[in-house]
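Going in written order, the chains are labelled A, B, C and D, and every chain counts its residues from 1.
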Amino acid sequence: MTNPTTTVLAAGSELNEERIVALLKRTAPFEPLSDQRLREVASIATPVYLKKGDLIYTVDERSDDVYVIATGTVEHALGPSAQATQLVKIVGEADVIGWAALLKNKPARLAKTTCLQDCEVLRINGQHLIEILAHDEASGREVMTCFAKMLMNEFTVPAWLSQVQELPRKVKVGADGLETANLTGVSLTMFRIAQWLKSPRPYLMLLGFTIFIGLWYLLSEGWHVWRFDRLPGPVEVWEEWTSRNPVYGISLFTPEYYTHIWYSVRRIAEAFFLATLLGVPFGLFLGWSRKFREYTFPIFETLRPIPILAWVPLAILMFSGTETPVIFLTTLASFFATALNTMLGVESIDESYPRAASCLGASKWQVFRHVVIPGALPHMFTGLQISVGVAWFSLVAAEMVSGQYGLGYLIMTSYTMVSYPTIIIGMATLGIVGYITSAMVRIAGDQMMQWRVRELALGGSQ
Amino acid sequence: MNASTIVANRPMGRLRKSIFHDTGSRRAIVSLILFLVFWEVGSQSKAWFGVQLPWIGMVPAPTAVFSAWGPLLLDPSYWQSWWQSSYRVFFGFIAAMILGIPFGLLMAVSKNYRDTVFPVFEIFRPIPPLAWVPAAIIFWPTQEMSIAFVTFYGAFFTVVLNVIGGARSIDVRYFQSARSMGANGWDIFRRIILPGTLPSIVIGATVGMGITWEVVVAAEMISGGGNSMGGAGGGLGFFIWNSYVGGSYPQIVVGMISIGIAGYISSTIIRWIGSRATPWLRMR
Amino acid sequence: MNAVIQSNAFEAKQRERNMNTKGTKGAIRIEKVDKVYDPEGAAVKAVDTCSLDIGAGEICMIVGPSGCGKTTLLNAIAGFHSISNGTIYLDDELLCGPDKPKAEPGPDRVVVFQNGALFPWKTNLENVAFGPIMQGTMSKKEAFEKARDMMASAGLNGSENSYPGETSSGVRRRVEIVRALMNDPKVLLLDEPYRALDSLTKSVMHEALLDIYYKNKVTIFFITHDLEEAIFLGHKVVIMTTRPCRPKKILDVDIPHPRDYNVLTSKRFRELMDETMEAVHEEAMKAFERGEKEG
Amino acid sequence: MSAAQEIQKPAGSGMQIKAAEMTISHVDKTYGEKQFATEVVKNCSFTIERGKLTVMIGPSGCGKSTLIRLLAGFEKPTSGSISIDGNKVTGPGRDRLVVFQESALFPWMSTYDNIMYGPKARGENTPEMRDRAEFLLDKVGLQRFRSKYPPQLSGGMQRRAELARAMINNPEVMILDEPFRGLDHMTKELMWKYYATLYEESHRTNFFVTTDIDEAIFLADRLLIMSNKPTQVRAVLDVDLPRPRSLSNIVDDDRANQIKMEALAILHEEAMRSFAGGSKAASDFIQAYSDRVGKSGK
């Protein structure tokens, strides 16, 4: 792109070939070139004269040319996306700017350059320059080396992975050089959706659901196949679920439906919170301290094989009321899963991490705080996900046996009241709510383990 | 001391080692005894000190449990409960393996099949197995069959997910080397996919076994307890529930411990079979 | 941009000045060290009456087949393992001996691990600043500032805010060495740090290590099984016997520092390679054959 | 393949060695579509000569593994053709055999079963094949470990078993993708000797990929030096050192050192060339390289 503010004067200007060669000789990257090569370079250089305040180029323009400053000073301000060590600097005589033109992928301009005085600048086409350098491999290589070094010194790796969402147009600058990243968040997502729609997957998925619901319909409502006719069909369930005036009393429009959901979710939240609060530290200590493990793990292992439901009568005996036993059972189930996985997490930490920490002078407690806890996080979150699943499992069972309200209770009472469509509604609701809770745990885990997410993202993209 | 003395001291070393090893088991014994003592004191707090401790105070004491257990050992109906539960677990588990393994392998092998079936499979997964109990009772003609169904359902998902995960984690180089040595599809399935998935199947089976016991106990309590199916045919879950309803509280704990033992034995068996089936994982 | 070139020239001069003076601290004396492993009573001797003197500021390369017990020696110096017999001194201070079989791990002897032990949950900068913050010798701010400076001088600016998992393995290794140097250690213990790198990257890493060494002059205890690497880097190459490990041959490499890659094809280098190759291969062969028996 | 020539028949193996020639002409390989496309191999042409050991060397991450998948027929090139003795390669076949990076022995089979896998899979579990397996077990010194599972073998032994597993199928072309990567340096050197002996006895067509210049020079008859992504052949060097070679001779030999310098020069240049868009390893390299330029006072 041409810059409207630059003015190219006619030939016969003050910057003649001799001066250009002399200038290039003083310019750092061109030093290794022989006089003859310099002359060749000079022949493709166009002198440009600029006024104070003129713009040479600005961010995001196409980069075709390299500039060598002959006289005057230029302010070189890198755009915020460049993640440079130094954002603004002043360059002067015999300095080179705009070397992005020499890079393989021709990234867009990263900086805005403004003349601080009236300047004389040489414009050199990057492509032509590389062609000249290619003639002379040895010194050409040195020129490129010098450019490479300048690059390395000036840029830092941007946190582009974490910025995928915010930055609509970002430029990846890294240890591996420069490249334009047209893989912005939005376009990448669009691309993936397009790819997905092109693949047979969504249609097969649709087919799967069609077959499932079709079979269900035909078996129960269509053909009234033996025994299947006792089950409520999809149409009946759907009508009941979305009815403003449900036959059996439970639908999307009855407050009772939400009371049941609320009860179950609240119990899960309480139990999960309690289990995490107790299970994570317990698991950490189990993994960290051998003595602690030897004393407590046998009891833990003796109690663990007893199915949670077998605790029901005991729980009713131990705790008064109907609410506490349910919470106790659910907590117990989650606690075992959380504690066990946290312990495995601690055990999975490579022994060189605590060693490295201790030889860097960390005390035992610091090792625990800075190595053991973060190192166990991945397993811990796997444990928490399992723990949510187990919590739902035991909650439903506990609600069915004792307790009032809640989805398990709803399913069981619907059975005794012979309101069969409500059973299916309850089951479907359980599925949805259960899925949401475990997704929430997963998201929380990703939030806490940015390092892992970024590592995996990189592994996936390369 | 020099090197030779150390080497000569080997028996001593071994002895020290074994004592050292013992600290682990000694601590385990100490902690278990402490646990029992604490439990006993807690349960007897009212009788001994006149003050009933919260929670633990309501639990039958270990001595009461053991004295209740004694006569039960001679009672055939107790053993019948064992038999009932084990029988259900066994059939539910076997059914889950027989249906789950081919189902999972099919999903792992055929992409189209997986894309069609897996989403449907996924929407079923978050529904806890026990939520199926009423629907199962409605559908199946006998209660026994509905319990069997729920048991099967509990283990099925774990088995299938492990089979898929295992088959898909097989190193692609194994397929490539097999193909470049001239193997056909069937041979790859038989000699690469099947053994390659076996370790995951074993893991799935061990976890599935645990779930099966959970489900069986719950199903027995819900259906046997809710319905008055009654009698000794109810299994260990019903045994516990029945003891609760009948007020013989120490028997509840006997039932719990029995189920714990049963679960432990069955998972040990699975693990043993698993390690026989995958000898290459037993290194050295 | 001329400044870049100038500062390089300046650094080069600085380096030359440093070249003649080795460091003054970090001499290690190992005297008749034994180590017997005793798993389930079956005594396995890993190190056998091993004596070795490493001068202050020396690069000492330990060469031996894998599993020969080199790492055991390193672990004893670092304080991760106890020794069964003998003594180890650091600058005439007892590290471990008959009354104190296990040394305390500390920031004066920092280890760079075989597979790398940068904490994946901390950014590179946090990793580098870890030591001083833990020891409480610097405030967080100071530590980060120093870490940034040190990384910049090792050519690592740009990767400060990335997590180790995001950077290339070559960069990770350099960050790890910088993390060690942050603590101003007397001794740097390197346990086959470049094993997993491909040979091109490895050659780059060698020069980077020498660069860092010329600036810092710490004693380097470097374990490897690559003879070329050993001769290229070391002042002294110690060839170990296969298990139990004991010095078989000690070679002084009289190629002057600073070295660069031209050394590899120089005559003297080849002579030294020749001189030692046989000894190394003898041991490698022994280990190789025994590896079969152990299997 | 009919055009394959019979080169020689080593005593005792009972195998007729066939060696084929592969031609790769103007091969391109692109992954992804439109603006997301990455060109991994571009206009790549070379021949793997009959009965010779061709070694390909290039910086890691330069797309060598892609090329191997193309040669083996696991993937198809975007354009261009690959042929073996004039027949176009359309998929994997038993005429070409790949030995993979690290070990790809089936962990669930004993050493013997692994070696016999190929014949069994093709339904050729004949006495002749079993004899051949015994012969190869002896050859690689694993007779005593025939019933061990791969995880029970040391790294060096696994690689030897893998070589035997490949050779029993009597491939016309053997393709080895950094087979000794991950071994420690000393074991690696011993494996070179093992491998070189196996090659010298049979003179199959071998195609060997590596990143290690010493390995390349020790083994190669011909050395292909690859450019960075997109992969192309940068240079072909003939390694005309006498066989059998020994390591100490190679270190001493002036000719070997000359080849090494030549190859290194090209590789360095290659790393230079790719600094803008290349691999991380290459950019590391650049940095040190440019440091060196600064150091020597320029």
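Remarks
Note that a contact is a pair of C-beta atoms (placed from the backbone, for glycine too) under 8 Å apart; a residue touches a chain by one contact, two chains touch by 3 or more.
Please read these numbers as outputs of a predicted model, since none were measured by experiment.
Relative to chain C, the chain whose mean Cα position lies farthest away is B.
Looking at which two chains touch through the most C-beta pairs, you get A-B. Geometrically, the chain at the heart of the complex, using CA-atom means, is A. Chain B and chain D have Cα centroids lying 48 Å from one another. Centroids of chain C and chain D (each the mean of its C-alpha atoms) stand 32 Å apart. Per-chain Cα centroids separate chain A from chain D by 37 Å.
Multi-chain contact residues, meaning those touching two or more other chains, occur in chain A at positions 146, 149, 152, 175.
Looking at chain C, residues 5, 155, 167-168, 171 sit in touch with two or more other chains. Of all residues in chain A, only 28-29, 85, 91, 94-96, 146, 149-150, 152-153, 155-157, 159, 161, 174-175, 350, 352-353, 355-363, 366, 370-371, 374-375, 377, 449-452, 454-455, 458-459 touch chain C in the complex they form.
Taken in their complex, chain C has these residues touching chain A: 1-2, 4-5, 78-80, 105-107, 109-111, 113-115, 117, 119-123, 130-131, 134-135, 155, 157-163, 165-168, 171, 179-180, 183.
Contacts from chain D toward chain C in the complex involve residues 59-60, 141, 144-145, 148, 152-154, 156-157, 182, 184-187, 189-190, 211-214, 247-248, 251-252, 257, 260-261, 267, 271, 280-281, 283-285, 287-289, 291-292, 294-297.
Put simply, chain D touches chain B in their complex at residues 69, 72-74, 92-94, 96-98, 100, 104, 106-109, 117-118, 121-122, 149-152, 165, 169. In the complex of the two chains, the chain B residues touching chain D come out as 171, 173-174, 176-184, 187, 191-192, 195-196, 198, 278-281, 283-284.
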